[in-house]
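For reference, the structure I am asking about is given below.
Letters A, B, C and D mark the chains in the order given here, with residues in each chain numbered from 1 onward.
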Amino acid sequence: MSTRYVGARIPRNEDPRLLQGHGLFVDDVRLPGMAHMALLRSPHAHARIRRIDTDRARDAPGVLAVYTHADLGALGNPLPKLIPHPSLVHHKTQYALAPDTVRYAGEPVACVVAESRYAAEDAVDLITVDYEPLPVAATLEQAIAPQAPLVHEDIGTNIAARYAQRVGDVEQAFAAAPHRFRERLVIDRGASCPMETRGVVASWDARAGRLDVWDSTQAPIPIRNGLAAMFGLPQQNVRVVAPDVGGGFGPKIMMFYPEEILVPLAAMRLGRPVKWIEDRRENMVATNQEREQIHDAEIAVDADGRILGVRTVFLYDAGAYIPYGLIVPIVASTTLPGPYRIPNYHCEFTAVFTNKTTVSPYRGAGRPHGVFVMERLLDRVARELRVDRTEVRRRNLIQPDQFPYDVGLIYQDNAPLRYDSGNYPACLDRALEIIQYAEWPARQGTSRSQGRYLGLGVACYVEGTGIGPYEGCRITVEPSGKVFVATGVGTQGQGHMTSFAQIAADALGVAPRDVAVYTGDTGLFNWGTGTFASRAATVAGNAVGLAAQAVREKARVVAAKLLEAPAEEIELEGGRVFVRGVPARSLSLGEVALAANPLRFAMPPEWEGPGLEAIRYFTPSQGTFSNGVHACVVEVDPETGMLTILRYVVVHDCGRVINPTILEGQIHGGVAQGLGGVFWEKLAYDAQAQPLSTTFMDYLIPTSAEVPPFEIDHVETPSPLNPLGVKGAGEAGVIPVAAAVAQAVEDALAPFDVRIAEMPLSPNRLRQLIAEVRRTT
Amino acid sequence: MKPAPFEYFAPRSVGEAVHLLAEHGTEAKVLAGGQSLVPLMNMRLARPSVIVDINRIPGLDYITPGPMLRIGALCRQRTAEKSAEVGARCPLLRDALRLVGHTQIRNRGTVGGSIAHADPAAELTAVLAALGGEVMVQGPKGARAIAASDFFVTYLTTSLASDELLTEVRFPAPPPGAGWSWMEIARRHGDFALVGVGAVLALRDGVIAEARIALTGVGPTPVRAQDAERLLVGQAPSEGLWEEAGAAVRASLEPDGDIHASPEYRTHVAAVLTCRALREALTRVREAS
Amino acid sequence: MALREITLRINDREYRGRAETRKTLADFIREDCALTGTHLGCEHGVCGACTILMNGEAVRSCLLFAVQAEGADLRTVEGLADGEHLHPIQQAFWESHALQCGFCTPGFLMTTLAFLRENPHPTDREIREALAGNLCRCTGYQNIVTAVAAAAEANLSQGWKVPEAKEVRREIRAGDSRDRRTQRAGIAKTKKRRTQRR
Amino acid sequence: MKLEGTNTLPASVNTVWKTINDPEALRRCTPGLKELKEVAPDTYEARLEIGVAAVKGAYTGRLAITDKRPPTHYIITLEGSGGPGFMKGQGTVDLEREGDATLVRWVGDIQIGGLIAGVGQRMIGGIGKMLIGQFFKCLEQTLGGAAPAGGGGPRAGGDAAGSGEVG
């Protein structure tokens, strides 16, 4: 099979629509008679609800309904527990509307449905709630302190889970080690902030008993299955569409958010379509957040800086509820070892409830933490042993001949953490070459003599991607010759309409523009788990490949009969099906599709049914592991603490590349988000766990003026674990950014001997660090 | 995030506008560019029951040169930024305008509106304070001028009476040959500065004849650094002198902190930026001569 | 509830509707005029997704009330392409992979349109500062900057323009430049909204 | 948010004590206080309108005086909730003779929740200080016989003059 398209820079199929404003995002869904929902959210981080008075709201003009927990009936139970884990002893989830206690500022207390969003918000203002404020567990330290206020009184503790994994004999390794270094490393909260907030539209057809839902989600099929179960409907009668989704980045994989139940409920009760669109302020408090962890980490090395052991004991802030289980801290602890040989490793975390917004994976999902800790430890080793920082890394890298490499841990997919392939030294060399590491000391010296403080940083990472359980795909060739691909994953801008089309096009000998890809519509494909963990291209992509192969074989069998030639001599190319070497004896692919679906007469048994169509699934036994190296040059103004990113280099290996343009786009976006979390984006809470950055005026997403140009290069070591040889890339960009920039800032501020042990930074914080060092010396 | 209901008026004359303000008192808000008011209304932090939209009043969008640069209440920030008169007579204002929000904001936002909104982090308030400008206001009892020093009362609050309309802002043009500088530290391009400093320097016979310094982001109003100004006048410019001026600024400030910057940071950076601004202003004096 | 008659032009077509005085221009364009290409990302004037051209200038449509746009001439993303032919800026965005999820894209396109009219030969730094009033969470901006530079090239070679605001204002004042088709569209819109309100 | 300060008031400790326990004086001098209804000794139902300029929040709640040690010490608590969320201010007040004047030492803690906290954080600290300043200014005027500004002065009530036109 030729691969004319896989690997090519094909412009995206989805773009012309989006460029002309013809996309269909949830807020663009307009149905006759549609009503609008607004929610009343708790202003308290922790309070008991004494009384809710909704009378004035019910009487307000244009109001159709007002619901509190008391009105939820059977849906008044805690929302589904998403991912259980044996160590997760207190798997607390929230309610669609709080019954008696609110546990974070922003938790939904009541909702109003009205003729317009304006009227709904007017009515929300008229609801009065009598709260009894309760003591607040605002920070991780507060929450684990003795006598701490309890987020969930009934369980008598704020600790949701404790979990440890180990490799080798860590105590022995540390005891025998000539050098041991300890760091306390803190990463604060951030928000994913897709430009499109969440949104749900639901429409109920009572006669057909049919529920249609448009949901800005990364997991339409699980949402469909859950809704069917909760509302007692046959799955076939519930259709969930994730139309164009304006960015996901993780929090849209969370299910269920309260609104995903409240909107269908209202639509069914009122017999009118209902729309809820999250506004940005809601998005900053009611959409899941991430990143808050505190690591006590220690590394043991020999005299040459070879790693003998690593241990980290860390706190993971779950927020007020923990629907998504332990995925984030498990990913953090299993990403930490990275590309290095670590014979003895101990990781242990405590998942802690606090009175803050619930946490679930956000692009990177714990990976940035693991890499930050590992790379900070290696920087410390380099400094203490006076070994070049890149040399320390090189000495510890897993070598190309050591694959498959078993780290000895269990990964988030409950399978062994076994790296399938890679060439780590090659990536490091290439990155250092591009950033001109050899000339760095000279360049840094020159800039210092001009009074400028430049620093360089380098960080390595390995990313677990493409985990199971499965994804599937149905491919149908229509008599028009057009190819239709339907899969169960949703898409949020990753370009699946193009990369999947490229895969199918190669197999079927058509052009990608003749392949229409449908994602995220449960009416078009019935099985799937969703778009997360950088898995769509790997898992769904390979399912597309398998289905396309099957359709290709079917086309050859059918054409063999029509063209009176053996199937093995039939070729597909340029939209035609012909006998090898005899292009004259040919049919269009559409003609074959038409013939494969006869109206009369017996069908040849070897056709095994009508049409050119196939459904296939790909079920990987384990994940596949991408890797890369980031290198950057930054400048710090020590007087103001301002940081400028001057250069940013990424060398990346995600196996076989389907579309380099799309891949680079994914990396650009990831790095920009990573940079946001390094210097601009911080979710601030006060001592009462009041969120203080609930607008884009205070939560600072970097703009084109802050983000530098990127320099990207690829190394391709195909994965042996799937037919296409691909690995995931969606989260790669964000993962090592904090580690690389931290090292660069320390390098820039070396004359002040500043240490970076936290993220994010800020001008204020950098000034503080410089001043503190000045004071102590 | 939708605004609360309000009654809307679009007067066609200043008189009509003032009449409406007098009639509706503190319940009424004047809408000019709306780039600060409308976000507050969308978030329902501001819920005026009456909006007096002055955008349809003809003849208020002027820029008139003269010893005082006179800018009408409906002159968009973008217009002023691109105006040759502003560039020639008041480059400090032009440079500050370039850092007000983004083009889309300045296309609607007005110079007068920014002054009247009196956000102590807003560049234009400090420019007016530094230059010792004034605003013209129209009330039922007629017109009056209010000096910058009397105009800014505290956060978002001015000495405008509720039945008065700001009709014009007047920026005195610095003496010929004067140098100027606007310096600020903002988290992102286009954000409100954590601290901003505007400075104007004029020299006569090698000594500083006039020095004007005002800061944003360091108090409930724009802050005029008079101690530093006094310290500079009559001295020959030097790095040491800039340091002293910076120290004087540091000593004179008691800013509040927020999630982006502590009082200590603001005070420190105010001093740093003052030095830098004076340095740049002097370079411009020398370029001019 | 204070309702106002509003008549304005969008992409050279006239739209008439009745809206509450508090209704933002962005909501009027999306709901009453059914042009959903203009998006709302923050509703407080930071993200720029709602950027449109009003009388030729880039503005945030979430920071204007529909009543303020009475008689104004607007251009939205739907008014860029010429039938099936993408506008050179759209073409450049497509070829440079300057969009991923596409939600912020209409705002970037409209900002770019106004920017390149004012500054046809921008440097990369100028482009980055001109785009700083629009947030994108997917692309990291690099390909958008490339696209704007490419569009500037195309502009030089093909010399495309947007109608100058003043001409348009004259048309509006004349008030009679609309053809029957758009009149019907206007009336249809009004009817539809009434039935929705009930 | 913790705040503290001292003010000297031109009257004897006893007079000051009377004034700061006088509902009328409290009503007049507490910034933004629109209504004060005594529901029990030292406990009042309060209606407040707090903010600056266009940014106003209407709250209903209570004002209470506790931990009384006449004539030198009490704790005054003002809490309310409303559209923009909730606010709670608590001040410990101690009086001390200073010649024929009285030194007032106060330590205050202000909590703000909901909309204002999330959006207005940039100005809350400064505005809090400002409002407390107005409270004492008003007391001073009351005791010094100068005409007190009604409702804690126009600025506090947010019915502040102007700041209307917005750029």
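What we mean here is this: contacts are C-beta pairs under 8 Å (C-beta built on N, C-alpha and C of every residue); 3 or more make two chains touch, one makes a residue touch a chain.
Given the structure is predicted, the values throughout are model-derived calculations rather than measurements.
Engineer: Per the definition at the top, count C-beta pairs in contact and tell me whether A-B or A-C has more.
Structural biologist: Ranking A-B and A-C by C-beta contacts puts A-C first.
Engineer: Would you mind pulling out the distance in Å between where the CA atoms of subunit A average out and where those of subunit B do?
Structural biologist: Centres of subunit A and subunit B (C-alpha means) sit 44 Å apart.
Engineer: From the mean C-alpha coordinate of subunit A to that of subunit C, what's the distance rounded to whole Å?
Structural biologist: Here the centre of subunit C sits 31 Å away from the centre of subunit A.
Engineer: Express in whole angstrom the distance between the two chain centres, defined as the mean CA positions of subunit A and subunit D.
Structural biologist: Here the centre of subunit D sits 48 Å away from the centre of subunit A.
Engineer: Give the residues of subunit A touching no fewer than two other chains, as numbers and ranges.
Structural biologist: 118, 125, 279-281, 684, 692-693, 695, 697-698, 703, 705
Engineer: Touching at least two other chains at once: which residues of subunit B meet that condition?
Structural biologist: Those would be 1-5, 31, 34-35, 43-44, 188-190, 192, 259-260.
Engineer: Quick check on subunit D: which residues sit in contact with 2+ other chains?
Structural biologist: Correct list: 83, 115, 119, 121-122.
Engineer: Edges wherever two chains touch, nodes for the chains themselves; is that graph a line, a ring, a star, complete, or other here?
Structural biologist: Topology of touching chains reads as other, fitting no named class.
Engineer: Between which chains is there touch?
Structural biologist: Listed by label, chains in contact pair as A-B, A-C, A-D, B-C, B-D.
Engineer: Which positions of subunit B touch subunit C when the two form their complex?
Structural biologist: Listed in rising order, the residues of subunit B that touch subunit C are 1-8, 10, 31, 34-35, 38-39, 41-43, 51, 53, 55, 78, 101-105, 107-108, 188-190.
Engineer: What residues of subunit C sit close enough to touch subunit A in their complex?
Structural biologist: These residues of subunit C touch subunit A: 1, 20, 22-23, 30-31, 34-44, 46-47, 49, 76-78, 80-81, 86, 90, 93-95, 97, 99-106, 109, 124, 127-129, 131-145, 195-198.
Engineer: Tell me, which parts of subunit B touch subunit A in their complex?
Structural biologist: Result: residues 1-5, 43-44, 185, 187-192, 194, 259-262, 265, 268-269, 272-273 of subunit B touch subunit A.
Engineer: Quick check: in the complex, which residue numbers of subunit D touch subunit A?
Structural biologist: Where subunit D meets subunit A, its residues are 1, 81, 83, 85-86, 111-115, 117-119, 121-122.
Engineer: Where on subunit D is subunit B touching in the complex?
Structural biologist: By the definition above, subunit D touches subunit B via 52-56, 83-84, 115-116, 119-123, 125-127, 129-130, 155, 159-167.
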